[in-house]
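The data blocks that follow each hold one structure.
Shared between the two complexes below is chain A, which pairs with chain B and chain C, respectively.
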Partner chain A sequence: MFFDSSLSWNDILFLLDGAIVTIAITLASVALGTILGVLFGLVRAGALWWISWPLGGALDIFRSVPLLIQLVLFNSFNSMFRLHWSPYVIACICLGIYTAAFCTELVRSGVLAVPPATRRAARSLGMSWWQEVVSITLPMATRIVFPSWIGLSLGVMKDTSLVLWIGIIELLRSSQIITSRVQEPLLILTITGLIYFLMSFPIARLGAHLERRWQIQ
Partner chain B sequence: MIQIEDVHKHFGPLHVLKGVSLSVEKGEVLSMIGGSGSGKSTMLMCINGLEAIEKGRISVDGVEVHAKSTDINRLRRKIGIVFQQWNAFPHLTVLENVMLAPRKVLRKSRHEAEEIAIEQLRHVGLGEKLKSFPSRLSGGQQQRMAIARALAMSPDYMLFDEVTSALDPQLVGEVLDTLRMLSHEGMTMIVVTHEMRFAREVSDRVAFFCKGQIHELGTPDQIFESPERPETIDFLRSAI
Partner chain C sequence: MSYTFQWRPVLRSLPEMLWGASVTLEIAIMAMSVGTALAILLALAKRSNLKILSRLAGIWIEVARNTPALFQIYWIYFGLGSLGIGIEPYSALVFGITFNNAGYLAETFRGGFSAVPEAQIRAARSLGMGAVPTLWHIVLPQMLRVTFPALTNQMVWSILMTSLGAVVGLTSDLTGVTQQLNVVTYRTFEYFFVSACLYYVMSKICTIFARLLAWRLFRY
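Coming up: the complex of A and B.
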């Protein structure tokens, strides 16, 4: 079909199936990572050092060890302890914790960038700690770290390609499968790259749009 | 009534409050004057529990502020405070800034909270700025918004911490006018200020702070016309 190559529409559809898996894993891990990241970030920004420091240390491990090693190790634990979790669950948990490790530091820096005087003013109106965090600190911190969070999410989308090593057929793995049959790696990798781009670009644009809207204020 | 009895406080090695005692009656306007670092602002922060104290006790309408059993969030509802830096919530409009606490703390409906907020904002002369963001307001307007924000909780007491010190000179007047208006309405107020003429004009009593203690306490006439302590005389000579 393309330039007299043997690539067919079915191959393209196969690639798009892979893209859907990539999107699903990305959404699940970014959601998990962000929820955990916000909770951990609040703890890290808090005053209780005896819980903040050990948590920071533990998350440093996940930030420092290559994701591929984490995936393969976690997958092996899964077989060793006969957990019978599906590769998808493992992929999402692994990537989710990996995302959380980075997101925690984002949230921490954002929370610490909110002026203490502003937080104090909210508390002086009778708000509880939690009411203040939800109404003042998190909205203000979100505006500060949002660009970095978009960057983190796009990074995670590309990192999902590593889950092919535990047997998941996502976008990159689909392209390999087709390449081994069609034998046109350059064309197929170009198309695959284009699909990744088409998935990332709208997110980046949405991020830029929201950033602009918040900046007007 | 606010009762302060023998309050002590340190910041590290610095002994900032050295046994302050004072009581403020309902409807009274009390000004706290004195040099920077004399402890007057710290005293104010202790009254609504934003700062802890080490010794002594402070009670508001009989409720002890620093007792473990006191629900401090509940107590703060009736003690409004306005700071030197107005501390607007920058991500919310002027209207939302004022609505927030009635909504979250008093659990008012959106409609009710909006009515309260609009009323208070009109009261301080910001009825035209409801939809603006704080960054679009002048310092004086932001400070009046902060006053409206505190008033929206219908507090029984208002504390003012050098509310004009960070303002350009030409904006001081509008904020002082707002304070004047509140005092005429019978609000109980404690005003930490460097504006001596204003303190003299609106106060029922004036407390002169020096080195963490109240050195002299009396009517404005007593303090400004015939101060007794040498520290007060020195301070007033340099301040006026």
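Coming up: the complex of A and C.
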């Protein structure tokens, strides 16, 4: 079909299947990472130092060790503890914790950017701690960190390519499988790159746009 | 848990792993220094008035930032291989990380360049300095100072990225050595745990070193 090569529509569909796996793993791990990240971030920003520092140190480990190594270690728990989890579960948990490690620092910086006077004012109006966090701090912090959060999510999307190491057929792995049949690595890898680019670039642009627009106010 | 840890074989092969760690650092430092130089050129090209130059730089930056690093390494390793340019995993990894570093840093430097006031450049030029001396003596030192934290992050980042070499079959860096040992012994957890510790130590040393360097270079 393409340039007289033996690449067929089925191959393209196979690549798109891989892209769907990539997106699914991304969504699951970003969701897990964001929930954990907001919780940990609130703790990091608000708790006493003897809770906040050890948590920060522990999460720092996940940012200082290659994701590939983390995936292999998580995967080895499977046989060590006889968990029989599927690679997808392992990939999502591992990437989710990895995301949480970055998201925590984002949320922390966002929460700390909310003026303390605003928070105290909310409390003195009679709001409980929880009410204040949900309706004052988090909305304001969200506005501050949302562009960076988009960047983080796109980073996770790109990092999902590493899960091919533990045997998941996502976009990059499926491109390799097709390459082994069609024998045209350059063409197939370029198409793969284009798919990644189309998944990432528009959202990256949106993030940059929001960052500019929200900066002015 | 019916798993018996066996740490002794790991400790015995620690020298090999440390040797692998030195290869990892070597790759990261190479990719980082060439990447920084390229990134400065890319950032300048992006700002230039020549349309074709800024377009090309833009493509480089966007591709580097919007596709996975592993994909970039694959493209260099398998893609160039199919064009008849035989390339080893080692050079594919170095080129891949350099490409990636250059793209990310160029975007950082673009912000850094705008932090240098335009008036200083005009002042330097009106004192008779040429374009290149102005860049070298006035703009770059200030730009690098502003972007130093981002540079440090990128350095840690490229140390971690070197682990991707194992996926294209590199056996000499830390992950490659660990994977070789793992294939022979099947003590996956023990070997990769130690290698994770080594990566952690490397990135911490890098951060501390950068902090000392910043203190030495940038204090008034």
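Following the convention adopted for this analysis, the second predicted complex is superposed on the first by the 202 of 217 C-alpha atoms of A that agree within 3 Å, B and C clash if a C-alpha of one lies under 4 Å from a C-alpha of the other, contacts with A are read in each partner's own complex, and residues count from 1 in each chain.
Here is the rule we go by: contacts are C-beta pairs under 8 Å (C-beta built on N, C-alpha and C of every residue); 3 or more make two chains touch, one makes a residue touch a chain.
Predicted model only: the values in this text are computed from it and were never measured.
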{"item": "Partners on chain A (chain B, chain C) - clash or fit", "value": "fit"}
{"item": "First (chain B), second (chain C), both or neither touched by A:Arg143", "value": "first"}
{"item": "Following superposition on chain A: angle at chain A, chain B versus chain C, Cα, nearest 10°", "value": "110"}
{"item": "Of chain B and chain C, the chain that contacts the larger number of chain A residues", "value": "C"}
{"item": "Contacts of A:Thr179 with chain B and chain C, given as first, second, both or neither", "value": "second"}
{"item": "Touched partner set for A:Leu73, first chain B, second chain C, both or neither", "value": "second"}
{"item": "First (chain B), second (chain C), both or neither touched by A:Pro54", "value": "neither"}
{"item": "Partner chain in contact with A:Met127 - chain B first, chain C second, else both or neither", "value": "first"}
{"item": "Nearest-approach distance, in Å, of chain C Cα atoms to those of chain B in the combined model", "value": "27"}
{"item": "Contacting residues of chain B [partner chain A, same complex]", "value": "48, 50, 73-74, 76-77, 80-81, 83, 85, 87-91, 100-101, 104-105, 133, 135, 146, 149-150, 153"}
{"item": "Complex interface listing, chain A residues touching chain B", "value": "115, 117-118, 120-128, 131, 135-136, 139-140, 143, 214, 217"}
{"item": "Complex contacts: residues of chain A adjacent to chain C", "value": "61, 64-70, 72-73, 75-77, 79-82, 154, 158-162, 164-165, 172, 176, 179, 184-186, 189-190, 192-193, 196-197, 200-201, 204"}
{"item": "Complex contacts: residues of chain C adjacent to chain A", "value": "1-3, 62-63, 65-71, 74-75, 78-79, 81-83, 156, 160-164, 166-167, 175, 178, 188-189, 192-193, 195-196, 199-200, 203-204"}
